[in-house]
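One structure, pasted below without further comment.
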Amino acid sequence: MTFIWTTIGALLTLSIYSFLYKDNPFYKFAEHLVVGVSAGYYLVIYYFNFIHPNVFSPVFLLRLGDEPISFFGFHWWMALIPGVLGILLYTRFFPKVAWVGRYALAVYVGGYAGLGISPVMQARVIEQLRANALSVAGVEDPFATMTNVGLGVVIFAVVAYLLIVKRNLGARNWLGKVAVIVVSAVVGYAGYLVLTLISNAGVVSLTNILLVVGLLGTLTYFFFSMKHTGALGGLARVGIVFLMVGFGASFGYTVMSRISLLIGRVSFLLHDWLHLID
Amino acid sequence: MTMKLTAHLTLAVLFLAAPCAFAQDAAPDTTALPLDTVPPGSVSGLTAVDYVDNSDEGDRIEISWQASPDDGAGEGDVVSYQLWRSENAGADWDSLGVAGAGQTRYLDETATPGTEYHYGVAAYDGTSYSERVSAGPVVGRANLFQMTRLAVLVLMLVFFGMVLTFTKLAERGADLFVRRIPGLNAIEEAVGRATEMGRPVLYVPGIGEIDNIMTIASLTILSHVAKITARYETPLIVPTARAVVMSAAEEVVKEAYAEEGKPDSYNPDNIRYLSDAQFAFAGAVNGIMLREKPAANLYLGAFWAESLLLAETGFEAGAIQVAGTAMVSQLPFFVTACDFTLMGEELYAASAYLSREPKLLGGLKGSDWMKVLSIALMALGVILYYVNQESGFVAWFFTQ
Amino acid sequence: MRREIPLAITFLIGIFMLVDFFVPHHAVSTSAEEMKQWGTIVIAASILLGVGNLIRVHFHKIRRRREGWGYSIVTLAIMAVMFAFGGPWGTVEEGSAFNWMFLNMQVPLQSTMFSLLAFFIASAAYRAFRLRSAEASLLLIAAIIVMLGRVPLGQYLTRSWPQAIQLPTLTEAIMAYPNMAAFRGILMGAALGVMAMGLRIILGIERSYLGGEK
Amino acid sequence: MSWAEKVLSIDRRWIFLAIGIAVTIPFFLPLGLPVVVTPPVQSLYDAVEELEPNSAPLLLSIDYAPATLPELEPMSMAILRHCFRNDVNVVVMTLHPAGYGLAERALLAAAEEHDQVYGEDYAFLGFQPGTSAVILGMGINIRNVFPADAYGVPLDEIPIMQGVRNYDDIPLVISLAGWSAAEAWVYYAYQPYRQRVGAGVTAVMATDFYPYLNAGQLEGLLGGMRGAAEYEELIETPDQGARGMDSQSVIHLLIIVLILVGNIAYFVSRKKKASTAGAAS
């Protein structure tokens, strides 16, 4: 029995993979099958896990004289409200009363809109600001000592390139460009070291400065009230640089996760189905 | 949180230690060990305050203190702290509980709301108690405001104030500049090309539920897109993964067709619920792309892993693709596989921008200035940190 | 009226839920708790709407014998079977027919569909990662460093280099700094967008989701 | 058509074939490259390692659906093995409607391996809908949300649940999720109740969670199969996670080679175009 079911699973798996070659009847079959199966699945799960225990049981069992079943610790009749709201969704099939269905939607959307605002403010704005500021203050930085020197030189070289070389030197002046970059990297880094020595908060972590510059740049990129020209345009460009590095990095980071899924399926075919490996 | 656990453990330790103490008492003069007759140093800085939790019934009082000098230092022999409670201004002490050594906080969860209490704490070293320090009176109440969230409230109100001010300004006809969002025109171009080719437009509003703000932003954009397709009589296919979103999309599209005076061109079979299951949905949308051959694919809303499945299949099918989402993890895929991508806030901005309704622009301007304020706050925090680490603002900003 | 009352409801409930975050009083928090449950139940009740639409679309296809109508029969038939097994004979219990169908049809189909991404991510990378411009090269370089740094191979290749420039260290640093800064920016911007939109919904300025202007 | 142009316009099905072959080979010829443990995994491991045996339970929320099984199941197995090996009590629940069977399957498998007894060493609460409401509700009283375990036994009759009222009695929550559930734990358990929360998520989601980790809102983080492999390394029980990492190395290398070849071809073809254009003018 298990083998039959596993074989069905394996054949369906192969049908989906046939899509990689081209659209074909096997894929069409599998696609329509999965839509049907999941529709049936959600119908059953939603009914038995949500509606039945939370609406029907509290409402009807109590009326039959059974022991009262609480609705998340509330009076049973509270269960009627969502039940009625749920039914209201279906008024849309009767044009005359279709507008009543909006009540259900209004309760739902309004409630969640209100619910979402404050935690978003706290977790996504305030806490993130605080974390960023904390990093800048150098409170915690595991990479500070390891990558500081290398990164410092790179940062100052890039800044020198953007501010001096790109604007003022002609296309063919290679030697001048390199000299300016090297000199400003060294001078910039030296200046940074001096700053670190005179600051009373200890080492100012350069990697953490990256966090500030990056956040500033990205937020500027999403600033819609002014044209991106001049200094603002420069900051927005910095934002784009960070966004691109971020996108590349998370793309690369994701590859692993996607391969994991494929490994899971190959392991199913080779191990669970064909028993070729252990 | 670990408080109670530690209290239990301490009790267990005391329980186990009791027989040993007893044995020692039974043979007082045969051992060379002198009995510890020096009581430990008492605690200091005792405070008792009404504890505010998320469902506050006024039955919790938080007691905190600074450790006895003999706890972990000095003689180092403190094993626990004994707590007492009194309803009678420091007389009639009732034993309340025990906190382990090293603990400096205890949560009394048995207070009667509205009753005045005094609390007493003494360190215990296994044989004797330190002097009892007391604090009070304190009254437990079901509070009406969570003080720790004051900052959230203030910033939120500031933000709302900005949004509403700009909305009012817009309504009065003030000229609010909002720069063009790159990629926004792409939506109209894509629909235009589909019309030229005589092929349908596919609009995927994501797989978020209707409570997801991205889905709502997407429905606003859908209304705009539907008006264009209605004008050109280009079929518009809207596959959805949530039943409520489907019914909302039906309303939006039907409405748009009616507004353009083409109610008969609206085809209810094109607004489809496919599946709540994420990949069943993705598989079915892929099928639509290959078989009904839309010339423009618009993915706007909340997307998860299906983003690249859709975008790669759409690319292979040769459609113009415009995406927009605030799902950070999916942006890299849309950016690499689509022709244009509205990133993060641009999705919300787009819905305001497209409608050209002045009222909606207020939100956009408010968000913009909130960003400036956020950066200023962060800068202030950092600068003050370097100037004076002890200042009140720094303490507030960096803790909690 | 038809519009005002829903908008008033949206406003009241929205404000109540908003206030709940700041008011710890148990009367408020328990009622808010209750209302959150309503939402889940309304959503659960909506499933029939979706399934109804699915049946209608496929039924039309079959009746008009449109291309691929045979597959529509598959969808409707398997849905009926799944539903029939799920109702009377239990749902998720080990060994029920419903559970077997779930584990051996829905699970492999969904996870295989998901795993197609392994192939697509490779083809997307091959196509998109070209050194066309300065920005594209940043995308590419970051992707390659992180891809190598994530796997044991990357660690192996750079094992004798100084710790600071070993690939896994670089990967962590890229993820922790430039990536984090960029994503924090998107996150904060999007959060403000969400809040502004939420406010507009509560105030009834944004109402396209309700449909029907009249 | 030059070779470079051919390479650039290659049918993507060749790439698919290469990926398919590359993923299969290590199943038969393992490379056995060592896995390096990263700080977020180490800190989650430490948080679990610190739990007291046979005392307040770890709450493991197995919130994944079948689609993310290959990445997240190795994590559940590794964490459950770690707990059971240390005799730490575990309470398992799920917030995903499709997670019930998967959670039960992992829990029973790990419990059987370590001869653990239901009710005394572990318990299974089952599924409740309404993610955020469930998490918030448990902060007030777990019994409001889960009056009984998955098998209908009232919580007070389960030995390890006695005295467990809300988050005050749970030293650590770990959520393993391929969707926003892990985030919901941060929002609704850490934010309001300061409950310590750890998370295991798919590799792609891990990026989103770095800010939370960085802001101290998460105790530790397992990212994808690699996170599972690292955890397996820490508990010295290599399994699915470790095996998968070899295939990962091969495919990552393959994709990088593909990108490099694509770029070389791109430059060659551009140069050619430039030079022919120059000749014509």
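Couple of notes before you dig in:
To keep things simple, chains are lettered A, B, C and D as they appear, and every chain counts its residues starting from 1.
To be clear about the criterion, a residue touches a chain if its C-beta (ideal position, glycine included) is under 8 Å from a C-beta of that chain, and two chains touch if they have at least 3 such contacts.
Because the structure is a prediction, the values reported are computed rather than measured.
Listed by label, the chains that touch chain A and also chain B are C, D. Per-pair tallies of C-beta contacts place A-C first.
Once the centre of each chain is set as its mean CA position, chain B and chain C turn out to be 17 Å apart. Per-chain CA centroids place chain B at a distance of 21 Å from chain D.
Multi-chain contact residues of chain D (touching two or more other chains): 12, 16, 19, 23, 39, 65, 67-70, 98, 129, 132, 136-137, 140, 202-204, 207-208, 211, 214, 226, 248, 251-252, 255. In chain B, 53-55, 149, 152-153, 156, 159, 210-211, 213, 216, 244, 247-248, 251, 274-280, 283, 291, 305, 328-329, 331, 333, 336, 343-345, 349, 364, 371, 374 are the positions where the chain touches two or more neighbouring chains simultaneously.
Within chain A, residues 16, 19-20, 28, 30-31, 34-35, 37-39, 41-42, 45-46, 49-50, 72-73, 89, 105, 108-109, 111-113, 115-119, 121-122, 125, 128-130, 132, 134, 212, 215, 219, 222, 243, 246-251, 253-256, 258-259, 261-262, 264-265 each touch two or more of the remaining chains.
Taken together, the touching pairs cover every possible pairing of the chains. Those residues of chain A whose C-beta lies close enough to touch chain D in the complex are 20-21, 42, 45-46, 49-50, 70, 72-73, 115, 119, 122-123, 127-128, 130-131, 134-135, 142, 249-250, 253-267, 270, 277. Chain B contributes residues 52-57, 142-146, 149, 152-153, 156, 159-160, 163, 167, 209-211, 213, 216-217, 219-220, 223, 240, 242-244, 246-248, 250-252, 254-255, 259, 269, 271-280, 282-283, 291, 305, 308-309, 311-313, 315, 326, 328, 331, 333, 336-337, 343-345, 347-349, 351, 359-360, 363-364, 366-367, 370-371, 374 to its touches with chain C in the complex. Contacts from chain D toward chain A in the complex involve residues 13, 16, 19, 23-24, 27-28, 39, 67-71, 97-98, 127, 129, 132, 137, 144-145, 147, 186-188, 191, 202-204, 206-207, 211, 214-217, 224-226, 240, 244, 247-248, 251-252, 255.
Contact residues of chain A toward chain B in the complex are 16, 19, 23, 27-28, 30-31, 34-35, 37-39, 41-42, 89, 92, 101, 105, 108-109, 111-113, 116-118, 121-122, 125-126, 129-130, 132-134, 136-137, 139, 199-201, 212, 215-216, 219, 222-228, 243, 246-248, 250-251, 254.
The touching residues of chain D, when paired with chain C in their complex, are 12, 15-16, 18-20, 23, 33-36, 38-39, 65-70, 98, 100-101, 104, 129-130, 132-133, 136-137, 140, 203, 207-208, 210-211, 214, 226, 245-246, 248-256, 258-259, 262-263, 266-267.
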